[in-house]
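Report on the following structure.
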Amino acid sequence: MVLFLIFCPIVAAAVIMLGAPARKTALAASFLTFAVALFLFASLDHGNADFQHVTSFSISPEWRLSFTTGVDGLSVIMVLLASIVTLAAVWFVGSIERYENAFYACLLFISGGAIGAFASIDLFFFYAFHELALIPTFLLIGIWGSENRVAAAWKITIYLAIGSFILLLGLILLYQSFPLPSRSFDIRVLRTAAGMGQIAPDAQRHVYLLLLIGFGILISLFPFHTWAPEAYAAAPAPAAMLHAGVLKKFGLYGLLRLAIPMLPEGAHHWANLLIVLLLGNIIYVGLVTIAQKRLDWMLGYSSVMHMGYIFLGIASFGVLGVTGAVVLMFAHGLSIALLFGIAGELRRRTGTLDFDELGGLARVMPFAGLAFGFGVFAAIGLPGFANFAGEIMIFFGAFRNGWEIGQFHIFQIATVLALWGVVLSTVYMLRAYRTTFMGSIREQWQTLADLSPALRIPVTLLVVALLCVGFLPQFFVRGVAPIFETLTSAKSDTQTCSPGTTRHLQTVGLSRENAPHGQGYSIR
Amino acid sequence: MSPFLFWIFAVLTVTFGAAVVLNRNPVASALSLVVSFLGLSALFMSLDAFFVGIIQVLVYAGAVMVLFLFIIMLLDIHVEERRRINWVAAVGGTGVAVILLVQICVVIGHFQSARRIFPPLATSTTDDVWHIGRLLFNNYNLPFQIIGVLVLVATIGVVLLSRREPR
Amino acid sequence: MITLGDYLVVSAILFTIGFAGVMLRRNLIVIFMSLELMLNAANLSLVAFSRFRVGANGLPDYNAQVLVFFVITVAAAEVAVGLALLVALYRARQTTDVADITSLKF
Amino acid sequence: MHSFYPWLILLAPFASATVITLFTLRWKSLSSAVSITAVLVSFCCSCFVFAHPATSASEFVWLDLPPLFRVPFGLTIDQLSRTMAVVVSGVGALIHIYSLGYMRNDEGKSRYFAALSLFMFAMLGIVFANNFVMLFIFWELVGFTSYVLIGHWFFRDAAADAANKAFITTRIGDFGFMTGILMIWMTTGSVVFAEIAPRMPMFGGHATFVAIVALLIFCGAVGKSAQFPLHVWLPDAMEGPTPVSALIHAATMVAAGVYMLVRVAFIIQASQTALLVVAWIGTITAVMAALIATQQDDIKRILAYSTLSQLGYMVMAVGLASNQAAMFHLFTHAFFKALLFLAAGSVIVMLHHEQNIWKMGGLRRRLPITFATFGAGALALIGCPPFSGFFSKDAILAVAYEHNLPIFAVALFTAFLTAFYVIRMLVIVFFGNPRSNVAGEGRESPPVMTTPLIVLAILAAVGGFAFFARNFLTLPTGEEAGILVLVLAILALILGVGLALVLYRGRAAEPVKVEFLRRKFYFDEFYGWLIFWTQELLARVAAFIDRWIIDAGAVGGSSRGVWGIGAVLRLIQVGNLQAYAFLFGLGVIALIYFAIFRS
Amino acid sequence: MITAPLLEIAVLVLGMLILMIEAFAGKIDKRVLAFAAITGLAIVLLASFFLVPSSSPANVTGFWSFYAADRLAIFFKQFALLTTILVLIMMIDYAPVVRSFFPGAVPHTGLGEFVALPLFTCAGLMYLVSAIDFVFIFVALEVVTVSFYVLVSFTRRNPMTLEAGTKYLILSALSTAFLVYGIAWIFGSTGQTNLYRLTASLANAGADSGAALLGVVFVLVALGFKIAAVPFQIWVPDVYQGAPTPVTAYLSVGSKAAGFVVLIRVLQPFMNLPQTERLIFVIALLTLIYGNLAALPQTNLKRLLAYSSIAHAGYLLIGVLCFDVRAVIFYLVAYLLMTLLSFAVLIIVAQQTGEEISDFDGLAKRSPFLAFAMLIGMVSLAGLPFTAGFLGKFYIFYAAVLQRQIALVVVGVITVGCGFYYYLKVIRAMYWQSDSNTDPIPVNGLSRVAISALIVATICLGVYPQPILDALKH
């Protein structure tokens, strides 16, 4: 079933390239994927933390490399997200003048890669599947993009290529930092080995840093974020939806899947650095977003900013924050996809996304206004939408980190600043909404047409998904929490950022006795 | 053999070798190359390598030089017309060559066995043709045959490159 | 007495002279000659080494001289091909000056 | 006993909101019908719950990560919430009905009623919430509905801006609120009121810490109830339809802040400092708003500022640790302020949305009912005995008198001001001669609008009497100092009324212009300046850094640099054989150097 | 029961037969010769799979002291055979160009030699990969080199080609001279030319390591020239650009691969000397940087591929430095697939338009098949997962990280980024740009099969590398 999920879009892409009717095939494939993903989610036993529906084909016994796929409570959520956004994105594709088939094929290829990355248990394929998206993105932006597509396409491609090679180094180092007997590409094996504390602390630090930078570039972590807005502004709407909604989550998923469970020591060691960077994402990028003059750039930057919250959840390194991060990943994926989709429709109709030229559009396209409003308020964390559930868990999780009554440590400060970030995002989102949809309308827009009924289906799909999770986050929590309880129950109560306790952690928290220095890590 | 003769021939070889490079006229270079090779073969002889010395004379002074002169005549390349020498290149090239020489000499200087004289031979080696031949046909049989292939290829190449098609 | 070193030095000088020739001269024919010079310099040191390493049977190590034999052959072959190429080049460009064949660059 | 009615109170409006948004957007009248039935249902249910004090509601878990974090969705049903529910749903119902007339032919009628229902849901949620997170959720929802309703006429720039202003300002308050919630949760390990209250000792000796927590919680109220620093949004919110102003920005939502403070009084009262600050904030708001109100020309804005100052009274009362007084005033205020707004609404409708009081005049003959009801409301507002306002305001004054004299003085002064500006408005609007021809010909509003007016008028009149109010609230026990306070209050009242009459009898234009007050103490200008010089500036700078230093500089620069190096390196291929041989030689000597001479 | 030497003999005989036919059967369509050669080589390749590798003991004399038939050798014999087959297929496509440079001659003049010479080269390569004695290395190397002299300047009416030939000849002769001199020094300092005995005698040479090192450096110069390693890469761009395209492909795959095999064999005795390691390190670093950076501004695809071959030499050298033979070998195989793929497409397209990258504009419209093939080739060269190129890089980086070659790894990552830039330039041309001329480009059946096979192989190896890794398991 998982295999079907991965290969249905890819095969569909191939068929389309061979000349099948593009739109029909794509829609059928993505709908099938969505249905199966939904069924998978429903049929999953959320009680237990380990992978289910596992299938495995051995590739290289000596490297313990095998094509293993399966899902657990975490990855099934990501797969679900990917399938939903894919369906919506494919639906949002309007009329394409050149290479229509190629366009749909690229979209499906990206989504297949993303699903594959989320659903593979094997380290190698986890990495490889994600890379599938690189060239399609390049082509999507390059061929069908808007104004400065060339520069944007080059930037995103080269940037992400370098990032993913740094990530590759990190993965290799991770693999090598295990003692020989427990070296394997199977994430489950690695995790159990790491659980026994087989990675030397210094090794953990190096690997975690590499992973952080590698994944960080893919997620547009603060200093490495400049590719994102430009690319999303230039990309055609469906591509932006898929990339911002799904692909970006791959990095976060990777951190949750690898860094958090296997490298607790690394996580503690670099916690402060990560905090600083993610505050850069939240506050600094938030301010940058406020200063944007175009809707698409604003959305791009906002998606960068919201990564900061998810990072906060990850950095909080407690089951609460991490679970919140997962929920927020899902929520942000949907909401940003919705926003990009509507923005794309606006561009298609008006030909511009300049705030100065738009205004009062809700008068002529009420449904678009309503949908965009949903997106906006989801993005600023209005209760009822999934984003709020995620954010609040993140805030609680991060705030409790290293809490001492009566005094603030870095985590508390970070949380408070992040809360202020919510205000910032309110400011720019509402301003954008007001300048775009509210207020007096210009003459030349008087005749714009509202979204066609066909387009209302994907919008409704996204909104409904957002609301469902927002009303009953427990659905996700119960599946995700068990995965991370095992790892944090030991530490989350004692962890703090005051150096004293960190020392205490290094000695007690992960027992070095089991992991003698340099075992499987020393040179040769 | 006596150091005297060695130095004579060494100087001869080196000077005419230099002449090859320094002469402007290709013909002159070719002829000085012959002389330098003769000196070289003499040095070979002085190392009791009579066979090598002889084929050196035969092949080079005989075949190769004739080939060279033949080509020169064929293309009647006369004195390299006096372009102004590119001094940068000249100095640079010379410098590199000198540095290389110095480096090699320093290595030779540190090379223990370089200070030792040649050990005496048990018997005279006038029959070295026999020894070399035996080696060549027993031990070095394979390379020897492959040299044949190489010559064949070279022949094809020469034919191919210098053949002029019927117009 | 003459040591091994003397021969090596001579061959080194010869080798570098040849190399200098390749670097300095523009006339292809002379460059070929310089290449021959280098090969023969190598031969000289080979022979010197072979004479220096007297085997148990009190004879020079003839392996090196066999190699010299091969080298001479190969050198001849190379020269042949090279000169043929030279002829072709002269037919096409009426020149044997390397300064004239620089159309392929950067 | 467990019963479903309490939940029904919440769910009926929610259901109607959903139904309207999903299905009946096209059929306006149907939507209004749905919405009104919903609100009536929840009104009846709340009456039922009110009648059966024993009712309790089942609760379900919204979020649960044992052992860390548990957010139940449960309803606290005590006297406070029951009363509040009745008031909210009652006033709400009346205003729904009134809206039928007021929004008679508005194209966004369905949207309006959907939002109204959603608001009822959210407001009642606040009323019943039994924990902080749930409270916060409905808190935000209320803000959202208020945003939607203020921006109901979104195509007016003023309305759109007002909506944004309201939402963002309250968000700033919620920022503090959330922080406070986090700190409470961290200390006591729970977000449920019932569990926190006994664990307050956990705060131990950290006095300042408690104060901070309490004040952070108070921030939420400051934002929502438009208290002193964050009051700027409420007057602008008058851009919304008048019923909205009546329901949300007078009777219920803005009172939610006070309600919340009362609900979590055990936290506020844990710190004397906090109490003092709260009290003074309330006082400042009260007097400031009253001062501004004296110089406004827009009828709705005058009412808005009066709302501000009344809310100030309530907060003051909370700060003086007298929840009963606060709730009492909230209770009466709900009636008479709603009444005033609705009456003003009917005036405005009749004048074709003319809101400037100087364009009105002599309306008492043209709209008698409106005049009568408005008058009742006005009298209640200025605390003229025996109207409801008199009792509640008197209670607060009494408390102030015995706890904190300076505050009492200010409060008294505020009472005088209140009397002044209300009478001013009354005189200008209803007496004298019509100052515009629209004021000349006008007819009384339809019964659908006047009925709610009458009902509310009665409530405003009798609401203060103990025999009535006792059923709903534990009334503050009259202090012995009561008599003196009484006298002073009435004195202030008479002074105010007298002054107003003297100044404004038969005037055609504003006799005294105090620019400073007309411009509302220049708050908006100041905030505009502040935002520009902090946030906007930072934003511009950050954007510049991002665009030019990080992106163009670091990223672009490095890539261009690498490209340049490549462009230089390829120049090595000069194409000249001699040069190649030379480079070859260089390579050789370099390698020899590395291998042999560098060891 | 066949033994390894028979393979070379078979190839040589085949070559001579072709020559005979060319010489005496005058008027036949010379493409028949190509097909004959291809079939012959295919048979030999098939036969090579039935060989049983023999481990070469240290103290043998005579034939087996020159000629090793171990797994490495056999594997690369097959490698050379495969390469030659593919190159011959390309030559068939290239035949019109060759003919066009023999104006007014008899149809297909010179095609016979054009087919025959690669066979001799192939034999030379096959000898080279199993050579374990410096004398034999020298001889085999010369066979390859001399035949390449002829091949590079084959279309000799084309001045470009002649220039390329001349440059190649001079510089290669220069490197030969260094090789001989180096061998002389190694012999002088150890008295041995056989690599295995060298190892033994080096152990007790001790003091004379200086002389031995000098020899090694000179030998490295020659080998570095063959594998196009900085600072001896200077000839590569010019020669690759000027030579007939199939020959370029042959140069960049065949002689490079053989060079690496010899390098591995030669370095084995010397690897324990710290100086050698440092030497390789420096060379690898320079090669990486030069190859990748200088490729960035290129606009001529053939020249771009030349620079990229330098770059790949750099990655391979990382593998050599870490002495991870299997990584190097896998990388070489991947390199063979993707390079030949790109060249095959280039040959076909270049005949219609040209060798500039801009000549590929709109190829996606003109011939989706060729465009896709080129896409796979480029993507694999750039190193994207699910292609052989990625796994190659993966193994190399794995070895480098394992040995903590931090500098190399860092430079490696940066240069990979550059690689993405210049390889994607081609994809960009093919897919973004649109060309006025949109008439389809014909592809004959054989090369269509070959290209498809290469695509499939590239992807399969990218997913399932085990066969190659097993090829060298002991």
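The first chain written gets the first letter, and so on, giving A, B, C, D and E; residue counts start at 1 in each chain.
Simple rule for what comes next: a contact is a pair of C-beta atoms (placed from the backbone, for glycine too) under 8 Å apart; a residue touches a chain by one contact, two chains touch by 3 or more.
Worth saying up front: this structure is predicted, and the values here are computed from it rather than measured.
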So which chains are sitting against chain B and chain E at once? C, D
If I average the C-alpha coordinates per chain and also across every protein chain shown, which chain's average lies closest to the global one? A
Given the two chain pairs A-D and B-C, which is bridged by the higher number of C-beta pairs in contact? B-C
Most remote chain, CA-based centroid, reference being chain D: B
If you average the Cα atoms of chain B and of chain D to get two centres, how far apart are those centres in Å? 102
What is the distance in Å between the mean C-alpha positions of chain A and chain E? 43
Distance between chain D and chain E based on Cα centroids, please, to the nearest Å. 77
Just give me the whole-number Å value for how far the CA centre of chain C lies from that of chain E. 26
Sites on chain D at which at least two other chains make contact: 570, 573, 575, 577-578, 581-582, 585-586, 588, 592, 596
Note the residues in chain B that touch 2 or more other chains, in rising order. 89, 92-93, 96-97, 100, 104, 107, 111, 113, 140, 143, 147, 150, 154, 157, 161
Residue list for chain C, restricted to those that touch at least two other chains: 8, 15, 18-19, 22-24, 26, 31-32, 43, 48, 52, 63, 66, 70, 74, 77-78, 81, 85-86, 88, 98-99, 101-105
Please list, in label order, each pair of chains that touches. A-D, A-E, B-C, B-D, B-E, C-D, C-E, D-E
Write out the stretch or stretches of chain C touching chain E in their complex. 8, 15, 18-19, 22, 28, 31-32, 35, 38-39, 41-43, 45-46, 48-49, 52-53, 61, 63-64, 66-67, 70-71, 74, 77-78, 81-82, 85-86, 88-89, 92-93, 98, 101-105
Touching chain D in the complex: which residues of chain A? 155, 158-159, 223, 226-227, 230, 284-285, 287-288, 290-292, 318-320, 323, 360, 362-363, 377, 382-384, 388-389, 392-393, 395-397, 399-400, 403, 405-406, 415-416, 419-420, 422-423, 426-427, 430-431, 434, 437-441, 472-474, 477, 481
Under the touch definition given earlier, write down the residues of chain D that touch chain E in their complex. 562-563, 565-567, 569-570, 572-573, 575, 577, 580-581, 583-584, 586-588, 590-592, 594-596, 598-599
Flag every residue of chain C that touches chain D in the complex, lowest number first. 19, 22-24, 26, 31, 98-99, 101-106
Chain B partner contacts - residues on chain D that touch it in the complex: 578-579, 581-582, 585-586, 588-589, 592-593, 596-597
